[in-house]
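What follows is chain A paired twice: with chain B in the first complex and chain C in the second.
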Partner chain A sequence: MKARLLHLSRQLVSWSALLPMALTVLVAYLGTVLWSLKVSLTNSRTFPSDEYVGLAQYERLFNNDRWLLSLENLALYGVLFIAICMLLGFLLAVFIDQKVMAEGALRTVFLYPYAMSFVATGLVWQWMLNPGNGIQQALRQLGWQDFTFDWIIDQDMVMYTIVIATVWQASGLVMAMLLAGLRGIDEEIWKAARIDGIPTWRVYVSIVLPMLAPSVATVFVLLFTAVIKLFDSVVSMTQGGPGTASEVPAKFIMDHLFGRANIALASAGSMVLLLTVLALVAPFLYARSRARRREERG
Partner chain B sequence: MKLKLLTLALFMGLGALAHAAGPKAEVIHWWTSGGESAAVKQFSQAYTTAGGVWVDTAIALGEQARSVAINRIIGGNPPTAAQFNTSKQFLDIVEQGMLNNVDEIALRDGWDKFLPETVLNVVRVKGHFYAAPVNIHMPTWIWYSKSAFKKAGITAEPKSMDEMFAALDKLKAAGLIPLAHGGQPWQENIVFTAMLANVGGTELYLKVMRDRDPAAIQGDAFRKVLTSYKRLQSYVDKGAPGRNWNDATALLITGKAGMQIMGDWAKGEFALANQAPGKDYGCIAGFGARSPYVIQGDVFVFPKTSDAEAIKAQKLLASVMLSPAVQVEFSNKKGSIPVRTDVDSSRLDICAQQGLTIMKDKSRQLGNGEVYLNPDQNGSLSDILTAYWNKNVPVEKVQKDILAALKR
Partner chain C sequence: MSAAPGRPRQARAPGGVRLTPARIGIYAFLLTAALFFLLPLYIMLVTSFKTMDEIRLGNIFALPLSVTLEPWMIAWSQACTGVNCNGIRGGFWNSVLIVIPSTVLPILLGALNGYALSFWKPRGSQALFAILMIGAFIPVQVMMYPLVRILASVGLFSSLPGIVTVHIIFSMPVMTLLFRNYYLSIPQELFKAARIDGGGFWRIFAQLMLPMSTPMIIVAAIMQVTGVWNDYILGLVFAGRDNLPMTVQLNNVINTTTGERLYNVNMAATILTSMVPLAIYFFSGRWFVRGIAAGAVKG
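Moving on, here comes the complex of A and B:
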């Protein structure tokens, strides 16, 4: 009897410790999601209204050229950004893992971009990429008269400039996380591989990388959320331009939420984003949890 | 300890003093640049002289300032007055019954007698005055650099759209940037408005923007407006995308570019560079004797409150802001023209005088897009126009898209 009571009170303690977080999730996340869902089904403008219009906002959303272009841009950006960040981050981590000189300094240099606000660094990128006073102009003044690098004002290339700038910012973080993973790998594995005469690159690809899977998965989730949230870099670098060429969904939503006083359409946009994220992340998380359960079962 | 008590007493004393000094008004506005804050100071000084206490809440960026104002109104902690544009931006809060009207002052001072009809229609909703208009900007002035014109061998100011295109060709041939432009959606919107006013004319303008008439939007006359707008794009330099409007004006000031279509706030940039209208640069309000005067401006609204002191402050603000002397001083600093035509115009510069003369003719007054369209429609229109400017889209598709965007 006494043991059971003790058990119960212990459970009570852990539950009460969890309570604030549980409430936050319920009210702040789920509650607002439901509220957005409700608003997206109404004809709300500046203020939420109770007049339901069915899926009219969604219909309008998918007849809107700018929204469709935003989704396309986000897909292109997402694939490139995640792939390049992972690759560069991993290579940087491997490089640092070679016990290079001044490791601390290098680590700081690579991680530094992530510590700075993109609103500021985005402006610097904008200046650098501006053909009139940036890299192009500098190289032309140095003598390469024909050098052209005007992607930021090019309809078709502008998204790549955003990829470049954000990769510069985020790959340091990937490096730091993967490096932590690399440092956790047992020295014995390296020794065994050396005795067997396996080339270093092969050890990295076939042995170390699979062992890093949990870190890689975490990095992926982090980068993925960064893609969906993409907003500040676009605003500070191109403001969605030239024209609408670098528009992204988050900017569309923000524009309609405030300046254009159409919270219904903005909510519809955010619901679509949320569904996209769930559709992409849910299978991934499901597979991971199944794999873990299989492992536990042994 | 003694010192602390003393300061405390001092503060309380000051507080009591401030309270006794008259109605306190907290005013939210977005006038933060040099010229703008000099202008808003005219209001605060006049209000203080009239016996009130002005509490300044300046928030950079119009959009930001408006959303703060709306959030505070909903949250039950409204400012005494908040700035909006002369537009439909505040229509929703009027309909929700969240604003006080200032009928008493408006009727006493006869606002309906001196306000331009376009402005009157915006501030008077269902017979009540819900906003105090404070200035009139004209967004579609055509500015030109006299030195660039000289370099290109243009001797006379263009008098028609054809002459303007001819001048642009000459500027191009002379190796100058013909049209200084900043590739941002709102600036493209201004160029479009200028074309609608000058190529389309008053009647088409109202049919498209106010009546949203499908026949007019799909008609040939409107197609010509759109193609003229697109044609202007061919006179813009490659570095235009993303450029700020004042950087485009700087191209005129340095004589690198010939013309710019921009609001009368551009005068401030010329003034900072010590350039004078009529001498270093010219201003064209429009072509021909019937060219419309496009009106854009700012107003202050007065959030609902039952606090007698605050209501007193709101009334005092409304009457001070529209008094003739304050109007002239404010406009001189702001680069706008007064909302009332019955003021002493001798203190205004020649461009503003020219504008005021045109505006006195009622039939030539028009509102900008914001006056007729709600923010949502206006934004959709802007998206279509900026896409058309930057990409090769068939003009028929643009007409169809605009029709769909304005239908809502």
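Moving on, here comes the complex of A and C:
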């Protein structure tokens, strides 16, 4: 009896310590998601209403040109951003891994943009890409009279400028994480490959890259969530313009939540984002927990 | 993911460090990349020391003909955001006021969660932890409006405690994971010995575990200070007009001004805003990278 009481009081203390976490999980994470789900099924405008309209908001959402454009922009941006970051980050990591001089300095240079905010990044690139005073103007002054680089004011090209700025900000992170992966690879593999006379690039592509799969997967998930979140950079670089040419879903949702007072439509949009993320992240988390369990079993 | 980068290792490229065409190619690539990465920093710096006349006529790459500190002064104390012309120093102090509690409290909570999860394991806590980990991937937009309503209903919306609460919520997954993994690597025997010596829940936490966690606390502090300082969207929505962090004020200074844009002032303001995280990055070096690797599961 006494032992059970003791056990119970022990549980009580540790539970009370976890109270803030329990509250956060139940209210701030689960609660808010359910709330947004509920709002997305109503006809709420400025305030939540209890009048359910089924999936009408989702229908409206996918008939909304601005939303469709946002999705299209995000898809284009996401593919390019992830592909270029991965490629550049991998190349930087591999080249740094060749016993180069000043390795520390190079790593510092490649990674420092990651310490800067998206807002600051967006503002610097906005300044550099501005055709009136930026790179275009500078090269024209240097005698290259018809040099044109005005993507940031071109509706068809503006998304690429956001890719450039954010790749600049994030590829150092990919480099750092893949370099850590490279350094974890067994030296024996290199010796064996050298004895077999396999060219270095071949070893990287056929042996090392597959071995880096877990790091690559982690980096991918990291970049993917950054894509879904894309907001600060767009706001600071283009404010969604010119026109609506660089609108993205996160901005669409924010505008409808706070500017256009249509919280139901915004919530429907946010649920679409959530489903997209979960569809991608769930298999990743599942695979990882399985791998861990297998490891534990030995 | 725990492998620390930068461990020295044996030469691997055949031929070692002789200058072959391949080596020249490697250096050419790395130097070109380094130029690409350094260019914006260079342009920010030179622009911030130029006069507006020089910017209008000159070349974005050119060094300033006459160095002026005026843009920095204006950015700090006179630049306008809307009708307010007090510079971004207000934003700086707001950010400081937000960052301090938003670093200390999440670390304490993360350590506490990690400690309870790895040593006491009360029933149901592992499920809670699993949901928290999935929660890390929920886009902020999903949680935004409900959080606004919840905070408003308890009178915390648009206030300093409000924005700190929001930072606690959004940082809890990483902070908890960081400390949980760290405590899992500590031998259970140590904990059992402390129990036998009569240590209670709080005493073991405060006198044994927390002092042992210094390396993790440093990593977590670097991540939190950088993340909170660089945050834009949460500050924009939750901080309220009197507490707008520096990033929000910076964006307001640059993107809402009417009339001629003072690019030199804008660049000085951008550097000022980036100073804190950049200083942390340059001085903390390896720790910064360690934090990235440890927090990589988060989005």
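The working rule: the second predicted complex is superposed on the first by the 252 of 298 C-alpha atoms of A that agree within 3 Å, B and C clash if a C-alpha of one lies under 4 Å from a C-alpha of the other, contacts with A are read in each partner's own complex, and residues count from 1 in each chain.
To be clear about the criterion, a contact is a pair of C-beta atoms (placed from the backbone, for glycine too) under 8 Å apart; a residue touches a chain by one contact, two chains touch by 3 or more.
Remember, predicted model here, so these are calculated numbers, not experimental data.
Identify whether chain B and chain C fit side by side or clash on chain A in the overlaid structures.
clash
May I ask you to decide whether A:A180 touches chain B, chain C, both, or neither, giving the answer as first, second, both or neither?
A:A180: touches chain C, not chain B.
Could you look at A:Q239 and tell me whether it touches chain B, chain C, both or neither (first, second, both, neither)?
Touch status of A:Q239: both partners.
With both structures fitted on chain A, tell me whether chain B or chain C touches more of chain A's residues.
Answer, by number of touched residues of chain A: C.
One more residue to check, A:N262. First (chain B), second (chain C), both or neither?
After superposition on chain A, A:N262 lies in contact with chain B alone.
Go through the superposed model and pick first if A:Q155 touches only chain B, second if only chain C, both, or neither.
A:Q155 sits against chain B, while chain C stays out of touch.
Based on the superposed arrangement, let me know which partner A:P131 touches: chain B (first), chain C (second), both, or neither?
first
Which one of 60-68, 96-104 or 150-158 is the stretch of chain C that crashes into chain B?
150-158
State which residues of chain A lie in both footprints, the one left by chain B and the one left by chain C.
Residues 239, 258 of chain A touch both chain B and chain C.
Looking at the complex, which residues from chain A come into contact with chain B?
Chain A reaches chain B through residues 45-47, 60, 63-66, 126, 130-132, 150, 152-153, 155, 238-245, 255-256, 258-262, 265.
Looking at the complex, which residues from chain B come into contact with chain A?
Residues 63, 66-67, 70, 74, 89, 92-93, 96, 183-185, 238-242, 374-376, 378-380, 383-384, 386-387, 389-391, 401, 404, 408 of chain B touch chain A in their complex.
Give the list of chain A residues in touch with chain C in this complex.
Result: residues 10-11, 13-15, 17-18, 20-22, 24-25, 27-33, 35-36, 39, 48, 88, 91-92, 95-100, 103-104, 106-121, 123-125, 127-128, 133-135, 137-138, 141-142, 168, 172-173, 176-177, 179-181, 183-184, 187, 190, 194, 200, 214-215, 218-219, 221-222, 225-226, 228-229, 231-232, 235-236, 239, 250, 253-254, 257-258, 263, 266-267, 269-271, 273-274, 277-278, 281, 285 of chain A touch chain C.
Hey, which residues of chain C end up touching chain A in the complex?
Its residues touching chain A are 1, 3-7, 9-14, 16-17, 23, 26-27, 29-30, 33-34, 36-41, 43-44, 47, 55-56, 59-62, 109, 112-113, 115-117, 120-123, 125, 128, 131-135, 137-147, 149-150, 168-169, 172, 176, 200-202, 226, 229-233, 237, 247, 250-251, 254-255, 263, 266-267, 270, 273-274, 277-278, 280-282, 285, 288-289, 292-293, 296-297, 299.
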